[in-house]
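Each of the next two complexes has chain A plus one other chain: chain B in the first, chain C in the second.
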Partner chain A sequence: MAEILLSEAEKAYIHHGVQDDLRCDGRTRLDYRPIILETGLVSNASGSARLRLANSDILVGVKVELASPLPDKPKEGRLEFFVDCSANATPEFEGRGGEDLANEICRFLQRSYASGDTINLSELSVLTGQQCWVLYVDILILECGGNLYDAVSLAVKSALYATQIPSIKVATMDGDQPELELSDDPYDTKRLNTENIPCVVTLMKIGNHYLVDPTPEEECCSSSGIVVAVSGNKKITAVRKIGSGSLHPDSLVSMLKTGSEVGAVVNTILMKKLLEEETLEVSQKVGFMR
Partner chain B sequence: LKTGIISQAKGSAYIEQGNTKLVCGVYGPREVQKKSDFSLNGQLFCEFKFAPFSCQKRRGHQQDNEELVLSGLLREALEAAVCLHKFPKAQVEVNVMVIENDGSPLAAALTCASLALASASIPMYDLMIGTSVRQIPKLFLLDPTKDEEWQPELNHDENNSNLTVGFMPSTHQVSAYVHEGVSKTEDLEQMLKLATEYCLKVQPVVQLCLKETVEKILSNEGEKVDE
Partner chain C sequence: MVDIRLASEVPPFHIVADSTEPKHLVTPGSLITKETGFMRGHGTYMQDDCLYSSVAGVVERVNQLISVRPLKSRYHGEIGDVVIGRVTEVSQKRWKLDTNARLDSVLLLQSVNLPGGELRRRSAEDELAMRQYLKEGDLVSAEVQNIFNDGALSLHTRSMKYGKLSQGCLIKVSPSLIRRQKTHFHNLPCGASIIMGNNGFVWICPTLLDDGAGGFVQNLETVPHADRQAISRLRNCVTALAHCKMMIYDTSIMHAYDASVNAGLEIKDLLLPDKIKEIALMVRKQFEMEKE
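Moving on, here comes the complex of A and B:
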């Protein structure tokens, strides 16, 4: 994150605010900042989403390509993540500075999507053992305003929701080589079931309490926290402790419980909004103009 | 557990947990390489590496992404245990090399690294012990081997997960917590309790090893004085 220099007085102010359940911007400990979400921005991608969580700006593009499946999983497609921290996000990300963070986010996403509960990869299979869809999810971090894990996971979920995979039919088998027919109609696509895709909730510990959706200043004040990936049915698919402090087991457990509840709420609201956006008749994309 | 295995390192430790074997070397405190990074606290650099022959599939020479993430996790866990303010403007390097991976490499690395740091006389708040728990429906398994560990490709059903915990027994604090798989919060709570109980049981073993190390150093110095 950017170099935030906080004086001792400012840190004390944040601490006291958290104790009284009133943060610097007026939120309670479990409130999120306003989120602006738009899908379908990038016409070249099969699915895309842009999410703005206060100052954090994330752009996700999903491209689908045909490839051969992994030898030990012939009936499944693949999901490949790539995170790129743009140098625009914060001066620290210049050159290769953002690679560590990008790598961590990428691995965490991979782990949270890895369990079979989240996404049904067999839907992506075209021809068992020979062809499958590979979804390349490319995440661009344009601006860093704290709480990157949450913003990235929400943007990825929205992009996957909006992804349209072309329908493919297997025509006659020409000897050993099956012919794949791509549908002529650009609107003849299928969508993925994204109900159970996990949403990530970051909880940072400040003093004796923990907060959801920390700002960069609050992240500076806190010594440790956890990142929880919660799937649609309140199940936890991945957890990681971040920060260089330590946590008491009891506080860790209570943070997990709160995280899973918050995650479930975020999930339902996000799905509702995505459905609303789809049914909305808007011809002009707002994009980056707002 | 064994210390002093690398004679040239400031501190070192070797751990064998079942068939999982790993070596950790600690170098420092040294001057920080990048002079521009002045900081009041010391810095910790961790490198986690699997030897190419350690796993069933050969691993490359360079650190791949998984190892980079594990290095980051190890560093964050150790930063909670080490008194960084005791060596400002200095850095400590911790290098972990996995010789044979038969399950829970991160857990073994946490224990080994903290033992190596302690034998290198780096000031620490507490020893750290790593442990991992595997959850299968209706059962919890402590310290799984490679075959028992959760593989994302194999187990798709619910309530299948792997949890690695780094725990400091005396101060009763969790410094590393990594979970993958699908679980309910109640199960996570139980797994954490199992892990902490196990760490408390392992603590005397690590302490005994450290005590023997100190006795050996003292007797060596005693001999030198006699000469």
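Moving on, here comes the complex of A and C:
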């Protein structure tokens, strides 16, 4: 992602640290940096979330709209992702510099949600073959501090958890044209089952070991890594290899195993926190002022 | 393994200021004074005979000169400052270094010590061999020798204590948080050395031994585990102090280090927001106790 210059000695220091299981900031190889999460920031969106992972700052907004379903999937709604790398995030994103990264993240998210295990799209169907809910998930990368895939996936999961879809009733069928009635009560909504929505874990390989949640300096020292999307029940829904270096099949297998275990832990803790946030009153919203 | 917090659980980082009198703080566009007869310095502008501030910071007044020193800005070099820079370019007879200033600083070939300490005129071969001394990405500690007309700094490493930096950890903070002291190189009792560049770059490394290698030889051996722990802890302490906008100098860093050890905090716990605030409050309390 962001290209940082490092001297040979600094790289050697980071390498030895990873071998010793003590990284520059005292974390072990499988520790995440502190994450700060908040949902319900954007009042215009049906669901929103802001996630800060050390320096990385991600804002996600979800909007729901009615549209016709795809012809080959008449009983399902769909999710559309769009990632925007703001030019404020890092100097490399100036102009169209962030487009490649944005497209990569977008495509990876689509792949990880494509499996039927993650989200039940038939919940989004309103009228078979005619109307369904489409969830437009817009992701804005405000600041880039390394490990964007993880931060984006956790933010998307939180936003989808907080999304409220208005309940809709099919009124009388006027010949061929059905009439859809939206409920008058703005709080009469339904929520999605987000238990199995995948969390993404990035594992970078440095020397003979791999680490979770790399900082930009550690990303610079590593030549290869994998990005794994893990759903709530420890199933891997998508894998992508990043970096130009090569991976031995044995290390790939052990990285996948570690990734799925870490992903399951992250999933559980995230769901617990999202549940906790629901019990808070509205007056405790912090927003962007801090 | 993973720590997720809600934004409402994060304590607000009030600026844990030193317990001196509250200074005259201004924001961009706020009125400083309506009186005439003052000369306006950096960070101010005149409109309708009134003096306004153009940056967010502290008003400083020296006789008739009023200027505003911003809290967070690029580094403004003074002659004699110790800075740490990263080489971005190797050009003809000079290196260009990034020192968090508005322009890249310049390190001329004649301003560095040749390995072995020879004193001679630099030849064409020296010019071709520049990349063997310093290449792109290397970190150098140097002193500001001169300031060019356009504001770029001219650095020199003409002393045994300056030169290429070896293994360690670099932290970037705002230049306004680094206090000007007699010496910026400290060998801390916890087993690490620290170099506080005036430009906001703080370098923590294993204890420097005084060898006369001229500062260009790099030691790439594995750093022992205890040293590595000390360096990581110091790094987290400095980041915590910077987060709470406290001045960074050897005493405050050592107070933060001792506070974190006495509180029994693990090194990675110092990354958590509430622990950062705890450390900053303990350092401030320590300073208040010392004053009495």
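One rule holds for everything that comes next: the second predicted complex is superposed on the first by the 287 of 290 C-alpha atoms of A that agree within 3 Å, B and C clash if a C-alpha of one lies under 4 Å from a C-alpha of the other, contacts with A are read in each partner's own complex, and residues count from 1 in each chain.
Just so it is clear, a residue touches a chain if its C-beta (ideal position, glycine included) is under 8 Å from a C-beta of that chain, and two chains touch if they have at least 3 such contacts.
Here the structure is a predicted model, which means the values were calculated and not measured.
Participant: Looking at the combined model built on chain A, do chain B and chain C fit side by side or clash?
Facilitator: Chain B/chain C on chain A - fit side by side.
Participant: If we overlay the two complexes on their shared chain A, which of chain B and chain C does A:103 touch? Say first, second, both or neither.
Facilitator: First partner only.
Participant: For A:270 in the superposed arrangement: first (chain B), second (chain C), both or neither?
Facilitator: After superposing on A, A:270 lies in contact with chain C but is clear of chain B.
Participant: Applying the document's definition of touch, where does A:280 land relative to chain B and chain C: first, second, both, or neither?
Facilitator: It touches chain C, and chain B stays clear.
Participant: After superposition on the shared chain, which partner residues are touched by A:34: those of chain B (first), chain C (second), both, or neither?
Facilitator: After superposing on A, A:34 lies in contact with chain C but is clear of chain B.
Participant: With the two complexes superposed on chain A, say which partner A:209 touches: chain B (first), chain C (second), both, or neither.
Facilitator: In the superposition, A:209 touches no partner, neither chain B nor chain C.
Participant: One more residue to check, A:241. First (chain B), second (chain C), both or neither?
Facilitator: After superposing on A, A:241 lies in contact with chain B but is clear of chain C.
Participant: Please state the minimum Cα-Cα separation between chain B and chain C in the superposed model, rounded to the nearest whole Å.
Facilitator: Minimum over all C-alpha pairs: 11 Å.
Participant: Can you check the complex and tell me which residues of chain C touch chain A?
Facilitator: Touching chain A: residues 1-8, 10, 12, 86-88, 136-139, 164-170, 218-220, 222-223, 225, 228-229, 231-233, 235-236, 239, 266-268, 270-273 of chain C.
Participant: Which positions of chain A touch chain C when the two form their complex?
Facilitator: Against chain C, the touching part of chain A is residues 5-10, 12-13, 16-17, 19-20, 22-28, 30-38, 50, 54, 262, 265-266, 269-270, 273, 276-277, 280, 284-286, 290.
Participant: Across the complex, what residues on chain B touch chain A?
Facilitator: So the residues of chain B in touch with chain A come to 65-66, 68-69, 72-73, 75-77, 79-81, 152-153, 155-158, 160-161, 163, 167-168, 171-185, 188-189, 192-193, 196.
Participant: Would you mind writing out the residues of chain A in touch with chain B in their complex?
Facilitator: Residues 72-73, 100, 103-104, 106-107, 111-112, 114-117, 224, 226, 231, 234-249, 252-253, 256-257, 260 of chain A touch chain B in their complex.
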